[in-house]
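Each of the next two complexes has chain A plus one other chain: chain B in the first, chain C in the second.
Moving on, here comes the complex of A and B:
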């Protein structure tokens, strides 16, 4: 199994390098650098600007900057923020827990809702859950999360004043969670319906298992690969995708950090954030693969 | 004392009635055998008794079960019976277990005991059903057990809650002959030990005769005859039962068509000519007024030297060539009827001489074997692999051959795969066009033995084409000899071989000095697999 994952892993490390280098070059194509941004904020003479640029090493040729950055990164040094004069690693370390907590909460809510509604709709095909499947699915397709997020702020924070009660991270997690549920619920429900036509389902019924037991013990595990694959994609997206909610709710996570860094042309921070997103996505993909193999005894060796 | 009785059961799909007014009763501890061809409604009757009718079926009628009266139309009434009081053993053991849950856990769930007790009970049941390593089998997942082992586990699951009635729906049909007997013994023993009544469904009267006390014969959704098993088998009252008994040696029950007409293939006055190579020359006549009949379940050997037209006839029979004149019916169909090609393909299949050429070199064996299922929309995708594996088992190959490509197999193995694929749709009629000619002598004998086994077990009718009378003699009931596009002699195998009428047949027989020598390995090499 390690070998099966090992080869793709090597390929993915290559992919990470390519992404990081591409980003390194691309952000330097965008007009204006950190010194320009600072110059517009405070009064700086042309001489001061040139001096600062030299001090930060931004006057050197791009390939030289890239080589320097790669060498440092290989030594585990992500560099210093150009704007805040703090180590990038420290800033990221500070932002990670917020984003991870939001992503984890959102995914948990999304899975709970999605799996729950899809299961209920399979057990009671004529019940309200079957209607909810389409409702939640349409909700997530039709309404962007930032709209729901804004509405949630208006209702819960300003209107009802519940924000303090629920805590800062809970409302955005619900907003993202419903969005995730909508993405998962429809395919999972279809998969469950398809699985319920399998002959072993009739056999389980013949042995006296109730519809609920059949769905929970037999159909869900058999339909799990779909949910796991989707969750993997969603989680990978979440690591950078909590940005809107973080900004909207003022959470100091990775998304906020990356946005600020891009606005301020804080190259080392952008580079480090992108590197982190890439690694995270690849790790999530590897984890989904592994989980799917572990869940199916026929694929286990 | 009557345990279960069914009154006036009707099952319909849309307006098509598959069960039409069936009534039957089973006493406590007694076994009722329900016999009939496929499509006779016997499985639907069993499903109705277990409350397992498919959603699309409309069932009507009443069932009494141990004093309670149930309405067939109201399935919820069965919730308390299924598993607890009525156990069900399915035909395909692989289809009756969840592939993701261990066999022991599934049996344990069926026992309705507390979790710790349930697992011990599952292991005890597996032991009782004769699995050599019950604890290991309990931990195993379905794909890790053989068909025979899994079917015994299926019986264990069905009796886990000590039901009063056990329904076994063709429980041995999907298994090898050697395993069938074992499974029957297990069923009988379990029934005796737990004092269960049993409804045993089969198409095989002989098997029913072994296990049942009473037997009911079903045809077209009705019960045509019922009575004690000895009486029905010895003195059948209904014409159809007599036909079932008469056709027993062929293995398979004759279908409806067999009653209407007794021939798998019926050719009358077939003419055929291949187009002339060059303009102006007259086309060579390959067939000239050929008339041949193959009774159902029989094998006709068609002999003749190359160019005599025998392969041409085979191709016409399968619809690959259109005769210039004459009529041909195969399994009651015109093979050239474009509208019914799919039906023809299900009923009549062909094994070619060149196995390598008849298999797509870019497809794995599994892909080749499952292709017919996809084309004919048979079963679900998940079942296909198991079906393919069981087909391979039937032709003496192992499951691991599924992943191979044709070039990775020997010639004999490739021909076995070709036979498996011809059998995939469970045909009634097989055209074998010199299937062993390209093979070594010993492998020839093995393939012939395999074809004989297939014939005996499935009761398929065959048109076996060959130029070697020795090869044909081991298989054919009747032999026809062809020369220059005409049938010059036809008769039972014994007649033609021992008292050949035509001089040409005698010369053919004389030309095969070693045909006795082939016969010997053919009978001893039955089960050996060529490496």
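Moving on, here comes the complex of A and C:
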């Protein structure tokens, strides 16, 4: 068990290190650094530019910068933002709650919708829910979330004048939630449909259990591993969704922070944001693996 | 069972017709381009800004007085170009490089797939954003960035398909007959895994379109004024109260094309998936 979990985990940690170093090098091979960006914004003499670059450590060779950054990071110091003269850790700390709240709301809505529609379609195969499976699925594939978000802003803020509706963060969560539901509803429904041919379902039917009870008490718990296997899709939807919705709705989360840092060439912030996303992805992958092993005894050996 | 089969078929057929109709219309729009209206997509007119549909300007004009229909047509060309070229890049980088590495042996497979693992561990939109910082804005760099972001999908699919096919009898037969590994790959295995690649391409193309539009919307994709649909949306958003059509038209076009590819991808998946062959969807 320890070996089965430890080796992939080591590999994942290696991946994180590789990503961090790759991103560090990638954004430094680009011509034009943060000082250039700042110089085009305000009038700076060549001497001031050189001085600022020396102060920020950008005049040193790239390997030296990398070594310095890695040593500091090992000590838990993410550095200072080059543009805002604030500790990166503080900026990230400020941004995390917004992103986490949006992600949690979106996840709850997405799972509720996805599992709900898939179950309803299995209980009543000829009802409207069966049609909803295809509709939500096509919706999430066909319409980019930022278009839906835009439409929501148009309808609520401009059409109806309900500015408050947009402020509480539920509209973007619903937009992302529908997107996530659309991605998981079809595989989940197929799994439930396939599983309803299993002998234990026939036994339950013979005992006179209602279709609703069969789906909720027997089929859904058995489909849990499938739902967990879909977590990669869910996570991709969550990250892409929160990123675009934050920017679109002007929420001060990690997505907005990352985009602003990328536009302003604020290296330490970009690196920290990407590191955080990579760690989140890898943690979720590891947790998925563990949960799958715990839920499915066949994988435990 | 019989009833559901009969009910499923007309829908599948209708969906297919809708998909082909949309893609045909977009292809026509992209091919004819601005010649259909005879107007210039870049010509600005302060007096004509935000004006509604007329017989000359079929869908009205945007905030700079540019003809929306003409920009939509030019945008169809650019949007589809970026989508197809980036998917082709992804296939070339992913499937071709991945297969070559697998055939070459472990010493090549390890670093190549290590790199793909690296790319896959980052959200595609964030990766494309970072790459665009390195590559700078513009149509070629957007194409390359999206191509790199979607390359791992093709690499893993190609490797899985390759591993499945190598155990097949025809590959053993080719090996016994003394066919070199690369020849076996190109002449025997590649045609057999083409289905999986094509199906995945139909899934990736709409995602490439969406990614391009999001990048352009964020202002780090193609340059302002370049009429891809994403850029048109981004440019029109600020003036949406006065000229809703300028934003609505590209949004609808974008959604219809992604919908068409989604329907097509679903159909292809059913056709190429040997386990589902001959069964109703």
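One rule holds in what follows: the second predicted complex is superposed on the first by the 280 of 301 C-alpha atoms of A that agree within 3 Å, B and C clash if a C-alpha of one lies under 4 Å from a C-alpha of the other, contacts with A are read in each partner's own complex, and residues count from 1 in each chain.
What we mean here is this: a contact is a pair of C-beta atoms (placed from the backbone, for glycine too) under 8 Å apart; a residue touches a chain by one contact, two chains touch by 3 or more.
As the structure is a prediction and not an experimental result, all values here were calculated from the model.
J.: Contact-wise, after the overlay, does A:217 reach chain B, chain C, both or neither (first, second, both, neither)?
T.: In the superposition, A:217 contacts chain B only.
J.: Who does A:76 touch here: chain B (first), chain C (second), both, or neither?
T.: After superposition on chain A, A:76 lies in contact with neither partner.
J.: Going by the contact rule set out at the top, does A:202 touch chain B (first), chain C (second), both, or neither?
T.: Touch partner of A:202: chain B, not chain C.
J.: Considering only touches as defined above, state whether A:250 meets chain B (first), chain C (second), both or neither.
T.: A:250: touches no partner chain.
J.: Applying the touch criterion given at the start, work out whether A:61 contacts chain B, chain C, both or neither, answering first, second, both or neither.
T.: So A:61 meets neither chain B nor chain C here.
J.: With both structures superposed, pick whichever of chain B and chain C touches the larger number of chain A residues.
T.: The partner with more contacted residues on chain A is C.
J.: Provide the residue numbers of chain B that touch chain A in the complex, in ascending order.
T.: 50, 52, 79, 82-84, 86-88, 90, 92, 95-102, 106, 109-110, 112, 141, 143-144, 154, 157-158, 160-161, 380, 382-383
J.: Given the complex with chain C, which residues does chain A contribute to the contact?
T.: For chain A paired with chain C, touching residues are 15-16, 18-19, 22-23, 26-27, 29-30, 138, 141-144, 146-147, 150-151, 154, 158, 236, 239-240, 243-244, 247, 258-259, 262-263, 265, 270, 274, 277-278, 281-282.
J.: Considering the complex alone, what residue numbers of chain A touch chain B?
T.: For chain A paired with chain B, touching residues are 197-200, 202-210, 213, 217-218, 221-222, 295-298.
J.: What residues on chain C touch chain A, complex-wise?
T.: Within the complex, chain C contacts chain A at residues 114, 117-118, 121-126, 129-134, 136, 206, 210, 213-214, 217-220, 233, 237, 240-241, 244, 247, 251, 254-256, 258-259, 262-263.
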